[in-house]
Amino acid sequence: MTPALELADLRKSFGKTEIIRGVDLSIGKGERHAVIGPNGAGKSTLFNLITGRFPQSGGSITLHGTDLAGKAPFEINRMGLSRSFQITNIFPKMTVFENVRCSLLWSLGYRYNFWSMVGRSRALTEGAEEILEQINLTARRDLPAGVLSYAEQRALEIGITIAGGADVIMLDEPTAGMSHSETDYIVDLIRTVTTGKTLVMVEHDMGVVFGLADQISVLVYGEIIATGTPEAVRANPKVQEAYLGAALEDH
Amino acid sequence: MTDQSTTNASKSAQGVRAGSMMLALTPWCIAAVALLVLPFIFTANSAITIMNQMAITIIFALAYNMLLGQGGMLSFGHAVYAGVGGFACMHIINNDAFFSQLPLPLLPIFGGLFGMGLAMIVGSFSTRKAGTVFAMISLGVGELIAACSVIIVAFFGGEEGISGDRTYGLPFLGVEFLQQIEVYYLIAVWLMLSAALMYLYSRTPLGRMANAVRDNPERAEFLGYSARWVRFYSFVASGFFAGIAGALFAINYEILTEENLNTTQSGIILLVTFLGGVGFFFGPILGAIVFTLVQTVLSLQTELWGFYLGIVFVVTVMFFPGGLAGLIMMHVPAMRLGKLSVLALPYLRTLGAGFVGCLGAAALIEMVFHVRHASVGDHEMTVYWTTFDSHTVLPWVLAIAATVVGFWIARATAPSLAAAWSEANTADGGQP
Amino acid sequence: MDLILVNLIDGLVTGLLLFMLSAGLTLIFSMMGVLNFAHASFYMLGAYFAFQISLALGFWMGLLIAPLVVGVMGAGVERYGLRRVHQYGHVPELIFTFGLALLIEELVQFIWGKNQMPYEGPDILQFTAFAIAGNSIPAYKIFMIFISVAIFIGLLWVLTRTRVGMIIQAALTYPKTVEALGHNVPLIFMGVFGVGTALAGVAGVIAGPVLGTFPGMAFVLGSIVFVTIVIGGLGSLWGALVASLLIGWITTFSKAYNLRMEDLLTTFGFTKPEPIWDSPWRDLWSITSPQIADILPYVLMVLILIFRPYGLFGKRDA
Amino acid sequence: MRTSITLGLATALTLSVSAFAAAADTIKIAFIDPLSGPFAGTGTNGLHQYEFAADELVNKKGGVLGGDTFEIVAFDNKISPKESLIQLQVAIDQGIRYIAQGNSSGVANALTEAIQKHNRRNPEDRILFLNYSAVDPALTNDKCNFWHFRFDANADIKMDALTDVIAQDDGIKKVYIIGQDYSFGKAVAAAAVRFIGEKRPDIEIVGNELHPIGKVKDFTPYSRKIVASEADAIITGNWGADMLGLGKSVLENGYQGPIFTYYAAADGITAAFGETGEGALRLVAEGQINPPANDRAAAYYEAFKAKYPDGNISQARITNVIEMLARAIDEAGSATDVVKVAYALEGMEHENLWGGTIKMREVDHQLIQDVHIHAHTDDGITFDYDNSGYGIKVENTVSLAAMDSETSCKMRRP
């Protein structure tokens, strides 16, 4: 079975600095995979490479067996990969409902359609309302997204990310900057909305990682030093050294 | 068409109720009735000419707002799309063999197509980036085409432009469009049609995505949409409606010249749209009406109309970025709360005084200008239908007093206005 | 050959004049990320102020005082206008400067009227510096070259050799950090805006007598200045210099030599349609280079933006 | 904002009422020319000349039709064809039957076509077009019509006169023609080439080129070419800032011959040229200002200066417009039947206030008059321009210039 996402010797340099130094990673279908690592390890860069935000310097990325080299973000998205952002990235001036509806448009086949009315499509409205229900924002439906609370915006961001029906979901630090109760709420939310999908996430909060992920990869200085089940990674001495060491230095 | 606009205006497809249908249709009905009745109120040909000009500007400004307001693209050369559409129509009018087979009311379609064609060519490279790069390309292309108008005489007719006679078209239901009033109704129909189409466009998937790309192009890309192509389609659609405006100009004035293309014209449409307000669909409509009146009527009253307009524009950008429409819509929350009346008296006090202050200041400006630029010995001037000697003390004292007192009262009563404002926007329960 | 030399000098004068405007504009852009549409209006104000001052105190006092006044006005515009509009985003900022350009033109007409002002250079410079093959080079032009080169060197020196310059350069790139270091970044921005507009003012003072002091002078030059910094690469001082000289020479040479489109088309193997006056292509065939000299910069800009969107010297697109 | 709306509505309302108010005691003449924007100076000065002429030459002498007076109603067209058409409509609604316009042939072309269409579509309220300055030859040739009368000599007639003078000067062997890239500039160049070819085939045309109108910042490169071509004379149709820029530039860069031109006087240009232009500028124009042709002209100019000390009589022909219109109305016996007035104007011979006899040619409605070549100087100037001490003085006169010239006008008369 082809893996959902496969990275082979992926490299990225900015100028002379090599940030990603040969990453090999294979993520199977339906797997929940977390990438962890100390600050500056290159986690976000890795994300941006996969989603086509930056071009890679070397190596390859394949999604369901198709090479993604040179593809623009929107093309990658159409192939069934969707992502969220570390810094909340929604359409702040539009209503919550419209945010979700916009993210449904392409997957429902509307493409660059300028002859049908979004308001008249039952599929769009119901689809969007269903997503709102899932992310518990039905009550906020008609508010501009920009006025929501931070946790609500994060929930909306996840809603937008999954709305398109992509089967590979990538979440960049979905719980960054949240309180404990909010984090628990979001973790539950992620678990429900990504059922049956491939999930790739970068996360700092170990609680979240160990609660959600089936597989964990540890990225340190642009290289993956370990991959395995949470228990295996937790027990790996290299991880202990690199990760805890760095964490200790931080504090 | 009416049926569509109803359903689209209503927020939810499920909840189409008779009430919301009525509500959504009301402005369109009012507009249609107003367009129908206006010529019976203002019967003079010149009033009709001004109304025609207004309608053309409305279409053009709405088309421009498809770019600026809905797509977030600032163009400094949008006049060329209207202009080229108009020039193309003028050539069609002058092509006797073809034009005699074409009913005049269909001509704007051709204008639209030509405007759209040009927009497709330019858009193919200009919409790759938004922001400054787009603005600069639009300026460059605008300047180029405007400069070409005096060089490519075969198409643009040099600085004289090209003219023709609209009455040689195939008579439409027996109407030959000899009279201004007939042209008025032709333009009015196209105005309703274009405005409705542009409104509906904003409700389509592409129209919604134009907003999404304006607010957050990167996010839109991760939803499967190419920001560049969304911008391109908005640009082309805007070019189409601009072309229609150009065609109506050709029909109304029967002449097109370099001034239809130049950067001044492009600047004016930016000014009109922004003054009206880019955030709401009806903003540019307001802007076009007000601007046309200022340009044709105020310019009869004072030579300094451009100066006043410049001040108003800069003040708008600085303090009311929502434009006129934004100012009006600010009052919707208070209206919903049914507390608009709370504002009436404070408004009367502060704005009334401010208005007196503005009148005084304008009088001062006029007097300074007269003293400085009127020919020597010409001391007589007229401000506000009052004729007086600008070299005597009394008018100056009056004007300065009006200015100072007006602004002083406005300033002094401003806090109470602010208090009334927050009061009007607070529900009676006490929570904001 | 002689004529080439003369045209080189003329083009240099035009180019350096453009540079004085574009240098300030590009500095302001790299600082605030917004193109100041009203930049050429400050150039016009410089000329008018200098004219007014020269009536009372002579040309040299005008050269000294007018740029200062313009700079203070520019700083005021930044402080009370732009800074306020900044919160709404870049597009409203651009629209604000556009409105300001309109307003300044109206203001100038309000104060000085619509006619051209009889603003003249100083008598001491009213002589022919030297002549090349019967073409006289007025001393005033040499003076213009001298002033602009002096300003360029001064600017370069301040930016790269002084502490103030270093703070400015740092503030352009890392405003937050510089602010944290205890420098008043808004003040620096205001200062740079003031200096940029003062430079435009200097250009106005020395160009007014040559190019005419009239209400349309900003409009005539305004868009060319944008073109210059877009071609040079937004935010690049060297780019502004190269693009200014490029435009100066391109326009000068295409005016000085009658290159005809007819010759060009014939070279490429096209045959001239006969009779020419009845052909739809007649206007294309009759184009000569002086006719299109002043629109060549726009062509260049559109081409540059299509093929190299960040300009000749720009660091990637912002 | 709100006030201007009500103001606008009020005005529009009054407009609809005032259509009936074509008063019996005043005859209104609509003056449609730029009163704001870059050409406002020229427009305003023209307006003053009209107002003064109407008062001085008609109203103070008892008016026309036994007591009706002239009133000039000013409309600002911002030198835009579109605005002109709007203002034309406003003027027609006010019951005005006479339209005076002059600045810009582009506007004149738009107006003459609009007036022709209006008169065809609305035979009950026809109007006349009194063109006092737009000199595009086409207006009295291919585009001529019965409702249009031109009181200025057209570009071809002026060039005919100009080349007469050039032809007499044996010192001129090489001529450089330069102009603005638009219809008038091209018409001047074409006429210059044609007339020089006819009158002095030996003169070499060493340059013939066009530059963008209103866009040239620095004329130096052009001056270099002109100097390098060793031309003995320059012919140009430039006006406004382009005239000033070109003239000053060539003179500063070493050119020493004459510059033959159309519009290089008044509206600040005379003052701006000042000493620089002395001995170089040669202007072709109708209307003799210096030396005054007669006492009446001198008195008229003095009275004008008394009223408008900053003004110039830069368009002498305006007095002809007013006087001839007054006579035609008297002859027709009606100010409202413009067809009769037009027939009265056709072929009218008139004693020009500024000297000589003039005639409105029937075939194309082109006024035939003396055309003068003036020099820009401060010597022997009775009435200077721009209060600068400098003015224009007649050097040569071509009597009844081009009175037999051909025209392609085929006029349809009602």
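Every chain is named by a letter (A, B, C and D) in the order it is written, and numbering of its residues begins at 1.
Simple rule for what comes next: a residue touches a chain if its C-beta (ideal position, glycine included) is under 8 Å from a C-beta of that chain, and two chains touch if they have at least 3 such contacts.
From a predicted model like this one, the values you see are computed outputs, not experimental measurements.
Asks: Enumerate, in label order, the chains that touch subunit A and subunit B alike.
Replies: none
Asks: Tell me which chain's centre, taken as the mean of its C-alpha atoms, is farthest from subunit D.
Replies: Computed centres place A farthest from subunit D.
Asks: Go through B-D and C-D and name the pair with more C-beta contacts between its chains.
Replies: If we tally the C-beta pairs in contact for B-D and C-D, the bigger total goes to B-D.
Asks: Closest chain to the protein CA centroid?
Replies: If we average C-alpha coordinates per chain, B lands closest to the whole-structure average.
Asks: Please compute the C-alpha centroid of subunit C, do the same for subunit D, then give the distance between them in whole Å.
Replies: Averaging C-alpha atoms per chain gives centres 36 Å apart.
Asks: If you average the CA atoms of subunit B and of subunit C, how far apart do the two points sit, in angstrom?
Replies: That pair's centroid distance is 32 Å.
Asks: Report, in whole Å, the distance between the mean C-alpha point of subunit A and the mean C-alpha point of subunit D.
Replies: About 74 Å separates the centre of subunit A from that of subunit D.
Asks: Which residue numbers or ranges of subunit D touch two or more of the other chains?
Replies: 37, 40, 181, 212, 215
Asks: Among all residues of subunit B, which ones touch two or more of the remaining chains?
Replies: In subunit B, residues 147, 151, 304, 306 touch at least two other chains, as defined above.
Asks: What parts of subunit A, by residue number, touch at least two of the other chains?
Replies: Residues of subunit A never touch two or more of the other chains.
Asks: So which chains actually touch one another? I want all the pairs, not just one.
Replies: A-B, B-C, B-D, C-D
Asks: Would you mind writing out the residues of subunit D in touch with subunit B in their complex?
Replies: So the residues of subunit D in touch with subunit B come to 1, 3-5, 7-8, 11-13, 15-16, 19, 35-37, 40, 48, 75-76, 78, 80-83, 85-86, 89-90, 92-93, 105-106, 109-110, 113-114, 117, 121, 136, 181-183, 212-213, 215, 307-311.
Asks: State the interface residues of subunit B toward subunit C in the complex, per the touch definition above.
Replies: Subunit B reaches subunit C through residues 68, 72, 74, 76, 125, 128-129, 131-133, 135-137, 139-141, 143-144, 147-148, 151-154, 263, 267, 270-271, 274, 304, 306-307, 309-311, 313-314, 317-318, 321, 365, 369, 372-373.
Asks: What part of subunit B is in contact with subunit D in the complex they form?
Replies: Listed in rising order, the residues are 42-47, 49-50, 53, 147, 150-151, 158-161, 163, 165, 167, 178-180, 249, 253-255, 257-260, 289-290, 293-294, 296-301, 303-306, 312, 324, 355, 375-378.
Asks: Can you list the residues on subunit B that touch subunit A in the complex?
Replies: 4, 7-14, 200-201, 203-209, 211-212, 215-216, 218-227, 229-230, 233, 237
Asks: Which of the residues in subunit C come into contact with subunit B in the complex?
Replies: The contact residues of subunit C facing subunit B are 34-35, 81, 84-85, 88, 90-92, 94-96, 98-100, 102-103, 105-107, 109-111, 113, 223, 226-227, 230, 234, 280-284, 287, 291-292, 294-295, 298-299, 301-302, 305-306, 309, 317-318.
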